[in-house]
Amino acid sequence: MQYIIKKTGVLLITLILVSMLAFLAFQIIPGDPTTKLLGTEYTPERAAALREELGLNRSIPARYWDWLTAFLTGDMGTSYSYSMAVREVLRGKVAVTAALSILSWLLVTAVSIPLGIALARYKGGRFDRISLSINQILMAIPPFFLGILFTYLFGLLLRWFVPGRFVPFSQSFWGCIGYLFFPALAISIPKIAKVAKLLRSSILHEMNLDYVRTAYSHGNSRWMVIKDHVLRNALLPVVTYLAMSLADIVASSIIVEQVFVLPGLGRLLIASISNRDFPVALCIVVIIAFVVVFMNYLADVVTQYVDPRVRLS
Amino acid sequence: MRKRFLSLVLVVLMTAALCACRGGKSGTEASPGSTGEKINGGEITVGIAADLDTSLDPHVSSSSAGTREVLFNIYEGLVKPDSDGNLIPAVAEAYTVNETADTYTYTLREGVRFHNGNVVTVGDVVYSLSRAAGLDTGAALVSDVSGIAAVEASDDKTVVVTLSAPDTEFNSHMTVAIIPAGSDPDADVVGTGPFRFVSRTPQDSVVLEKFSDYWGVPAILDKVTLKVIPDGQTMVMSLRSGAVDMAERLTTSQIAELSGLNLLEGSSNVVQALYLNNDFAPFSDLRVRQALCYAIDKQAVLDLASDGHGTPVGSSMFPAFGKYFMPELTDYYQPDVEKAKALLAEAGYPNGFTFTITVPSNMPAHVDVAQVLVELLRPIGVTAKINQVEWATWLEEAYRNRKFEATVVGMDAHGLAASDMLARFQSDSGKNFINFSNADYDAVYAQAMATVDEDAQTALFKQCQTILTEQAASVYIQDVASFVALQNDVAGYRYYPLYVMDLATLYRHE
Amino acid sequence: MFQIKDKNFRAGLIITGAMLLIILVGTFWTPYDPNAMNASIKMSAPSLYHLLGTDNFGRDIFSRVVEGAGATFLIALASVAIGLVLGLVIGALTGWYGGWVDEVLMRLNDSITAFPSILLALVLIAIFGGGKYNIILALGVLFIPTFARIVRMEVARQKNLDYVRNARLMGVKDMRILFVHILPNTLPVLLSTVAIGFNNAVLAEASMSYLGIGVQPPDPSLGRMLNEAQAYLVSAPWYALSAGLAIILLVLGFGLLSDGLGGDGLA
């Protein structure tokens, strides 16, 4: 319990720091939003009035506080580029990026764990050697490049899906998943290779420990030893890694979305950064960072439940 | 007041108002191979290269061509251009102009409805024109109509527009959108066009639906989704996959990958140029600007960037302008590297200089040309760097704030009046984003605008163009070829001599 | 000290060596000027004259891929160097002195690493603007926390070791102990991190240039080339594939090296 309280404390501090950093980053960017908002109608008087209205005359800490309290109550401000609330601009887009990330993460988890176990079980064999070489290569492929190949292979040649025609949830759940499967595959393949490799070496590391020898001496086969004794311990670093890899997966989503013309946060983030629409960019950055920090926190807590030894380290 | 000006009235059928010969090779008729039966209704998805502007206010002057060509389907003026470039009556049924060309009288068409169901009244017209001309605020939203001195309704179907100075071209600016009186188009997108606005999702899509109470020939399709695809390669992929039914303004390299689709060729109706910021240090020197003109071989640009497609131009006018277009200016600067170097040396840059070409990343036609220009400028020792920016960034930084050194874009025209292409180069014009400043130009332009005699006026407008060329205001390149790709079951695309995308004539067939 | 897994390391050495050789030669000589355009040979297929054919401007693709690989390599190298040097100094000082500065910096460090790296790079690009040098700067800044953390851990561990205590007793100055004695000992751990950092830099550059906010034309880079080549994947698949392959080989080579140096090869 004490551990959880301590971790929760660290979580809160990290969240505040993260939001502070993001807010600060967007304050030091050169350029004045008033010139952007006023355009050709710029006059010093109007600019001054607008600065007052936007609260730009106040100190950065005061503005940060206003922004944070508003953000926490769900008021994300108004977009500079679109005369809409940031909430409106983000509507529907968060769901697409979230769905793509979760699907990719599930794919990674579902494929890499059995694969890693199999690699460890057949260690040294031909399957292990060939798979490891392929693994090494897959790890080196940028997800967006895989995405490009997939759109042509599965989209244009095999016609398994129509690149560019995303089916929203509201229309068809399975249609949506069917479309998202291909970008998710592009994101997850390099990750699957990494996690499988990590699990393999983690299992092999455990196999050299004393308790395993004891298990063998009781007449268990290699498979039984892995399944009943080693896996639980070997999975711990993998779980931590899987939680942390969510950050990478979200980052990959942002890029791969472009390849598959997905209406997610990626296009909006890039456009808003380029167009200096900082209320939108800031919200996207903070939302993603919050999710990532929170997932890491969950991973810590979960591993602690699975293995209380972690508390000591 | 009206009586005085109506002494001799020219009743002009609007179709004859503005003759525009279509130059170049624009206007390929659509739908070869559309043998199947035309389907009434249905929906299509059209790929567009940039999200629409923040504001869909049709009276905002700095709107981008890509936004205006979509709004063309939603809003109409008293008159509107047809696919031959002629002005045809729209919300108005007819108009008359007095002899001194400073009073225009419009008779409204009966039974024209807004998308909200209300009938268009003279009140709406007075409100719209007053708003566009800034009669209440003092600042015109649409600079083309800043010459309006007063707008009033003489009865419940007649509106009289009085100008502060004679303007024979004024009627061509009456394409200014008519919106409901008192409405704020930022909040409510309501016009009288064949399509009504349904919704937009930022950076993703815009949905339009057929307006069934349209006064004229109604749209054939029930629904059009405009999908924002800012990446040229992704656009090609979406066309190949069938996710997008139509896209226009494609380049030769894009259509090279689209065999099997129905491809049309016409012109974009823009003046593409290496627009130079005349306030930026080396470009403030006439000799430097001329050196760039001598260094850039237009034919080489066309051959490299678009397999020779496109029409070279030499000043700020494209061929669709007919009598105003001056093909003789195209070769005013014969490509000559030595001469370019000599001019640079004379201007104090014997070893050349470095500058940045800002170019909107969503327009492959401009990005490709920019890359070619970099190569063509190398031999004279000038190093050009390219900075690709999002369209909205370009519009704000380069166009509105004029913070750029050079840029490759195309300038389009609202209509086919000479002023549509030439007004922006007056020293004090709000649209003069290249900061061109030339007293002769201002004088000749003002004189042209004040001239009522057509031939004399045309000669003066030509003189304006010649000044732009001689002063090397920018490096004028071409009217870009515009390829349109349609899926094989979509037809009805019509080229306009203007930057227009008419969705009303599109249809699906068996 | 170097726990080298022989086979992987050797494979990594061969791949990286080959890539470096091509890049090195490419810096001084390519079959054609990578930027020279020629309207008469646009989009030609691979031949003896043009090993990988030509692109839509008639430029030699092979020369461009070689030059692009070189540019990407330099960008990655420069950004890792920035991250390494600054990370080294910050990590060494905080690890050595500890205290509240250390606490604050490490908390800050954790918060920065909470952002996905591409996201941070995008934010930094928003601050600095795009282009080759700004990419280097953005990625360099991005790598500081990773290196700082690793160096700090090593320094904090080693400062309690006997050899450091002895040196102190003998009156050796703090800075000398830190930079002359301790830092060289962190090298083995650092090397594999450098290799991973390098790979992350290659991938980040490729991604950002692919999105059009990284390296600007006509500057070549592998990401830009992929962006250009994507349009011709059907008519000229060798263009995209060779650019993609160059990225994969760079990343694979360094991944194997990192593996061989005892790292887990994970980014």
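We call the chains A, B and C, going by the order they appear; numbering starts again at 1 in every chain.
Everything below uses one rule, namely that contacts are C-beta pairs under 8 Å (C-beta built on N, C-alpha and C of every residue); 3 or more make two chains touch, one makes a residue touch a chain.
The structure presented is a predicted model; accordingly, all values stated were derived computationally and were not measured.
**Student:** Look at the interfaces A-C and B-C and say which one is made up of more C-beta pairs in contact.
**Tutor:** Ranking A-C and B-C by C-beta contacts puts A-C first.
**Student:** Farthest chain from subunit A, going by the mean of C-alpha atoms per chain?
**Tutor:** So the chain farthest away from subunit A turns out to be B.
**Student:** Give, as an integer number of Å, the spacing between the C-alpha centres of subunit C and subunit B.
**Tutor:** About 45 Å separates the centre of subunit B from that of subunit C.
**Student:** From the C-alpha centre of subunit A to that of subunit C, how far is it in Å?
**Tutor:** About 22 Å, centre to centre.
**Student:** Using the touch definition from the top, which residues of subunit C touch two or more other chains?
**Tutor:** Subunit C, residues with two or more chain partners: 230, 234.
**Student:** Mind pulling the residue numbers of subunit B that touch at least two other chains?
**Tutor:** In subunit B, 231, 237, 240 touch at least two other chains.
**Student:** Check each residue of subunit A and list the ones that touch at least two other chains.
**Tutor:** Residues 152, 156, 258, 270, 274, 276 of subunit A touch two or more partner chains.
**Student:** Please give the residue numbers of subunit B that touch subunit C in the complex, ascending.
**Tutor:** Result: residues 231-233, 236-237, 240, 253-254, 256-257, 300, 303-305, 307, 361, 367-368, 370-372, 374-375, 385-388 of subunit B touch subunit C.
**Student:** Would you pull the subunit A residues touching subunit B in the complex into a rising list?
**Tutor:** Checking each residue of subunit A against subunit B gives 35-36, 39-41, 79, 81-84, 89, 92-93, 151-152, 155-156, 162-165, 258-259, 261, 263, 267-268, 270-271, 274-276.
**Student:** For subunit C, which residues count as touching subunit A in their complex?
**Tutor:** 8, 107-108, 110-112, 114-119, 122-127, 199, 203, 206-207, 210-211, 213, 226, 230, 233-234, 240, 244, 247-249, 251-252, 255-256, 259, 264-267
**Student:** Across the complex, what residues on subunit A touch subunit C?
**Tutor:** 13-14, 17-18, 21-22, 25-26, 28-30, 136-137, 139-142, 144-145, 148-149, 152, 156, 194, 197-198, 201, 241, 247-248, 250-252, 254-255, 258, 269-270, 273-274, 276, 281, 285, 288-289, 292-293, 296
**Student:** What residues on subunit B touch subunit A, complex-wise?
**Tutor:** Residues of subunit B touching subunit A: 45, 51, 54-55, 61-62, 139, 186, 201-205, 227, 229-231, 234, 237-238, 240-244, 389-390, 392-393, 396, 400-401, 430.
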